[in-house]
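Before we start, here is the structure in question, set down as structure tokens.
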Amino acid sequence: MSDRLRAFSGQIIAVGVALLLGAIIILLVGESPVRVLMTLLRGAFGDQEKIAGTLLQTTPILICGVAACIGLRGGMFNVGIEGQLFLGGFAAAWVGFTFSLPAGIHMLAALALAIVAGAAWVAIPAFFRARYNTNEVVSTILSNYIAVLLTSYFTIFLFKRPGGWSETPPILATAYLPEIFSFSRLNWGLVIGLLLAVGVALIFRYTSWGYGVTMVGSAPKFAEYGGVNVKRQGFVVLLLSGAVGGLAGGVETLGVHHLFMEGFAPGFGFDGLIAALLANGSPVATIVTALFFGALRSGSLLLEVDTSASREIITVIQALIILSVSAQVLIKRRGDSQAGERRWKF
Amino acid sequence: AAQTKVSVAAISGYFAQGFGVSIVNGLNKAKTDFGIDLKLVDTGNRALDYQEQFENLAKGKQYDLIFVMGWELVDSLQKVSKEYPDQRFVFIDGVLDNPKMIYANFAEEQGSFVAGALASMIEAKGSEFPKIGDGKAIGFVGGRDIPVIRNFLGGYEQGAKYAAPDVKVNSVFAGTFDDPAKGSELAQALYGQGSDIVYNVAGPTGEGVMQASAAADKYSIGVDIDMCGTAPGNVLGSMLKRGDIAVYTLIKDEVGGNKVTAGTRTFDLASGGVEFKVCDDIAPKIPADVTTKLDEIKKGILDGKIVIAKAK
Amino acid sequence: MAVELTGITKRFGAFIANDGIDLAVRRGEIHAIIGENGAGKTTLMNILFGLLQPDEGSIRLNGEATVVADPAAAIKAGLGMVHQHFKLVPSLSVADNVFLGMEIRRHGLIDHAAQIARTQELSKRFGLHVDATERVGLLSVGIEQRIEILKVLVRGARTIILDEPTAVLTPQESRELFQTLRSFVAEGMTVIFISHHLEEVMEVSDTVTVLRNGRKVATRQTSELSKDELVRMMVGREVSFDRRPRAALHGDIVLDVKDLWARDDRRLPAVRGASFAVRSGEVVGIAGVAGNGQTELAEVLSGLRPASHGEAWLKGQDLTTLSPAAIREAGLAHVPGDRMVRGVDRNASIAANTLMGRHHRAPWSHNGILDWKAIAGNAGALIKSFDIRAQGAGDAVKRLSGGNIQKVVLAREFTNGADFLLVDQPTRGVDIGAQEAIHDEIMRQRAAGRAILLISVQLDELAALADRILVMFNGRIMGEVAGDEADEDRIGMMMAGVSPQLEPA
Amino acid sequence: MEILDKLINVALIAATLRTTAPILLVALGGSFTTKAGIFNIGLEGQMLAGAFFAVIGSIWTGSAFAGVACGVAAALAFALAFAVLVVTFRANEVVVGLALNILAGGMTISLMKAIFGTRGSIVGHGIVGLPKVQIPGAQALLGSWAPLVSGFTPIVYVAFIAVPLLVLFYNRTRLGLYIRVVGEKPEAAEALGISITRVRYIASLLCGLLAGLAGAHLSLGYITMFTENMSSGRGFMAVAILIFSNGDPLKVLAGCLLFGFADAFSLRLQTFGFPSYLVLTVPYVVALTALFALSYRARPKIIKETLASMQKLLSVDRNSAPVDKNPQ
């Protein structure tokens, strides 16, 4: 237990170091770190609407983070969540504006297709990873670019809303994910994300399948020896990860935008991956890290209005946090072995 | 109540690109001239963020006018303007169906028509004009394939057809406003295929087009702001979309106690909000017949004889 | 004195691998170092060669006190080391490998031609025949070793350390090697070598140093020693070639292997036409020098490696057509040879480790849901019954000592209710107390009517446990010896590739 | 025919060379880390930092070459951070690489806003671009083929000349050899007193050097400006190429030419009425297809090797090996 405590305190220290570096950079771009911090806090938690706004930002990061966690558990780096999110978002919108179905069923159908689209999009990289050991990091990154262009093509050339900007027709209200409060766009997507995080954690902890997959990720040869079909589970894990990535897109479409547009939700896939990495692959801890990133994002919206710093300073801080966390755990572990474990754990 | 100090905010994801730059220029000029409070907010590119950003601006009731530029902001703008009916929003570059808002509408198809006409007439001269081959084609590089850009292209094509029907227009899109290298390659491809004049409507991507015209020693046409300086000798002219004039006039009215009210202001060839400027170093080389014809065309547009279809 | 080590102590965490070792090696002698697995031989040599730094103690080379900060310092002092695992670069040529780190250069560029010429010249001079232009990846282990020795020679070594040089060699290659070593000594060089083969130590060395549990037991002139004395010093007790008492209870054939072939990772045939059967209540041993196809055989039987030909029937099912999971279902339990990689997840708890392979089955899970209470309870029981020294089932496996990790593996595999136990090197790196316990457990399993295939490089282990011993050489089963007639000479001959039919003893 | 002429001509080849150069440079940079056994997904960020600081340096000093030096220095700083984290702290290289990419993106935008007041792009402001090198006599000797050898910025020549230099480097120099050894068999390097850490640091920095040049080429050579994220995935393309070329300079060249060509060719396809968004996916699709196809092809090679080894074995072994049951 003290191990876990030490890891946790290390994580906190690392975040602190990153924030300190961030403060220096803020000084460099000519702003006051204190003012930036206060603005961020106000922007993230200033009133109930702001808090809801933070949770709204948290939702896609959380769901993408869970998608990443699923992959990481099985030793797979799904860097393609971004693309899966775009395709899922488009698929959900397509169901939403093409069919008319009873409320609820319509929404579920749209989410289902989003899930299928996400899974389908990762299927080819997953197949090649599982069968021929093709590096999934590169193949999923490259497929992101294709996904974004492809959904733009669908949107602009095939389904453009007449007279509108580069966007599809709006989905029918029957497909909406209901909002939770009257004063915010915050919707049941957050609940889906939370349930998903807890559910995935439980599945990994309490099912035989989850045990096998965890072993594939942490000790593949052991898993193979124990009769786990390493290749198949690798494929399945990437597929599930992609499915959840697609779901994230569906949730954004049905809960927030109610249509699909160009530049739908750029960067959430990466944010989610980072949140998952920071949480060391634990879906429940991802709730915390996603909330942290959500608060940063949401706080940053006030940053442009109230200070002269760019919102991108947030991105810089995020990157610094990841870097210092990835370094600090290793300072401790450095003496452990000579060979160096190059797994995703850091 | 007469206002002692006017406070203005502007929000967009495109302040760095040609048209955005000209808006920022206008705002800054207004700031210097009238001492207004000015806040620029960059939306970034995440659709999820837009609505909160509008709310953050509108909530304090601090800004008299909020200028909004960019079609991707429309959905959020509509929602927020309903939530804050007292807040005056100025939507730049288009007209929406909300009658309570202020619209600054630009007739970019008019300027593009002139650009197309000039380009095709010069192309039709063939080798009489320096650097022109006998390909009888002109080019167009768009940023993303979206309605506004299509409207530019439409005007350009109609103008070309009107002035020299046998000159072909080759149009391509970079798919992005942020990849000048791609813009340069696209332009060079067009030049390589015999289009001697390329009109760019592609933000920073288009910057690559301008630079390519210098590299290939062909012609380019700039957009939004005066781009004659980017490749002297190779830029025929620029289709100016005077965002600066639009915001400056609106703010001037406001400061002068003449409150800006809902409705559409059109900035077109007639009002000088859109204008085609031939570069000074090129102007003397343009044959007289072309200049005459061009003036006729401009007049035709002004008195409504020439009707330009807008792209949907 | 070529080498003098005084009071060398090396700790890895709490574990003491070398404990105050003194070692003196005279110039011009062949000095053998022996000891059981894990006695600390490699560690000591690594310290001498600068790959590890001692926590205490000092080193004198050629009479001078020396700090061997890194291998470069050792090389400079005239030391050379041929490692237990070869350190050659497969994609480079022989000459490039030989000169790696001391390339011959002209105008700042590596002069491949000169390197090749020098390598040919050296190889001729020392009788180490190699083709300097070949790529190392294509060569056999025997030749790889020659290259390693050339590497050492070209660096001007006068004292050569060889860590288990014969473990991977055929007897003939070993003989050639020793001839070479003797010629070195004749030229005034010094040789230190580590070996597990007592005969070759007796035959070749001038002096022997015995290590046990990280300490030096003694250094003696070889000529004054008998093999028995050596063995006693090594293990600290008389080796019992005593067989475990047993009742004959051979039952039906459980495993029937017919003409089985398989390839190794280099895609070369590693198992070649193995045929044998194992009955219930029987321990069949497989003897052989490491690397003669035993590992591959075990992997094929457990489904981890495809067979290229042949069949292996386990209770009516052909294992070669089944997945590892299906083979487990069919009734196999497997104690893998490389337990750290295959046998456990070091970072997981003991409880999680006892789960592998049966996580789909009651009582560990019901309908796909794990029952962690039952799992922990079961693991606790195993900890008790297998005498695993741990604080509890929640302990991470990486905190256990090697022997206890092995017991975790055994505990899991032996309680699976499988009819066929595939046991690969069960006592490698395990201390003597634990060895006894493991042997007891294997005999208990035999008494319970399991069919057991025991792979081991330790003949005494096989002699003690096996009812029959099969000897593997170069992928083939060379012959069979009844356990109670186990005779080291006969088995040794077969291990060296001499077929008993061809050369009747 | 006329269409073909319009599509495939000297201009297309020249365009291919231009589009190839930046990817080639960054991929050659990655070759160092690949050969040294480091998976460097951070190329994209190093390139972007190089592009940004090259522009800053050029504005600041008024000299294109000083700008290039600034860009290279920035990329080196990123490479150094990468090396410290990955080599010394042994952090996961994918995590560090991705984080550095994100850092580069955020930092360039923040600095742009801090320095120029707006984000987006930097044009004008006195940026001095690299001059174009006109090879004397090219026009006279080659006529219409002259654009293939003349009229590029110096870095383009550097990129292509670097290929044979790297071949020489890996085969004939000590450092090159050590980089290969450290990547292929670190134990061997360690045993011979070659410092793995030092070699990996050097490889990382060499990588930063070329990635920085690639970035500077984008913003001062290819065109003269900087835009947000102007590396546009070229670094990732390079990583894809590195994976199936294993960092061998000639294979890297082949891969880069393939993508350069796909890029240049697809841009031309648009003029024939193909939808722009689909055409724009072509380079990525080509990269992915190549990645998949080449990892698929790794299979038959194993079979061939096996056959060869079997034959070798059979010649000494009288017993004939049986027919494969499970050809893998």
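For reference, chains read A, B, C and D in written order, and residue numbers begin at 1 within each chain.
Here, contacts are C-beta pairs under 8 Å (C-beta built on N, C-alpha and C of every residue); 3 or more make two chains touch, one makes a residue touch a chain.
According to UniProt, the chain labels map to these proteins: A, D = ABC transporter permease; C = ABC transporter ATP-binding protein.
Quick caveat, the model's predicted, so the values are computed rather than measured.
**Q** Would you kindly count the fewest steps from chain B to chain C, each step being a jump to a chain that touches the current one?
**A** 2
**Q** Starting from the Cα centroid of chain D (ABC transporter permease), hunt down the chain whose centroid lies farthest away.
**A** C
**Q** Max contacts between which two chains?
**A** So the chains sharing the most C-beta contacts are A-D.
**Q** When the centre of a chain is set as the mean of its C-alpha atoms, what distance in Å lies between chain A (ABC transporter permease) and chain B?
**A** 37
**Q** Taking each chain's centre as the mean position of its Cα atoms, how many Å separate chain A (ABC transporter permease) from chain D (ABC transporter permease)?
**A** 29
**Q** For chain C and chain D (ABC transporter permease), what's the span in angstrom between their mean Cα positions?
**A** 44
**Q** Give the residues of chain A (ABC transporter permease) that touch two or more other chains, as numbers and ranges in rising order.
**A** 149, 152, 156-157, 310
**Q** Would you please write down the residue numbers of chain D (ABC transporter permease) that are in contact with two or more other chains?
**A** Within chain D (ABC transporter permease), residues 113, 119, 275, 277, 280 contact more than one other chain.
**Q** At least two other chains touched by the same residue of chain B: list those residues.
**A** Chain B, residues with two or more chain partners: 42, 145, 175.
**Q** So, with touch as defined above, which chain pairs make the list?
**A** Here the touching pairs of chains are A-B, A-C, A-D, B-D, C-D.
**Q** Applying the document's contact rule, which stretches of chain A (ABC transporter permease) touch chain C when the two form their complex?
**A** 205-212, 215, 218-219, 221-229
**Q** Taking the complex as given, what residues does chain A (ABC transporter permease) use to touch chain B?
**A** 43, 49, 53, 56-57, 60, 149, 152, 156-157, 162-166, 185, 252, 256-257, 259, 261-268, 297-298, 301-302, 304-305, 310-311
**Q** Please give the residue numbers of chain B that touch chain A (ABC transporter permease) in the complex, ascending.
**A** Those residues of chain B that touch chain A (ABC transporter permease) are 39, 41-42, 44-49, 51-53, 55-57, 71-72, 74-75, 144-147, 175, 312.
**Q** Quick check: in the complex, which residue numbers of chain D (ABC transporter permease) touch chain A (ABC transporter permease)?
**A** It is residues 39, 41, 81, 84-85, 89-96, 98-100, 102-103, 105-107, 109-111, 113-114, 119, 233, 236-237, 239-240, 243, 275, 277-278, 280-281, 284-285, 287-288, 291-292, 295-296, 298-299 of chain D (ABC transporter permease) that touch chain A (ABC transporter permease).
**Q** Please give the residue numbers of chain A (ABC transporter permease) that touch chain D (ABC transporter permease) in the complex, ascending.
**A** 25, 28-30, 77, 79, 124, 128, 132-135, 137-139, 141-143, 145-146, 149-150, 152-153, 156-157, 270, 273-274, 277, 309-310, 312-316, 318-320, 322-323, 326-327, 329-331, 333-334, 340-346
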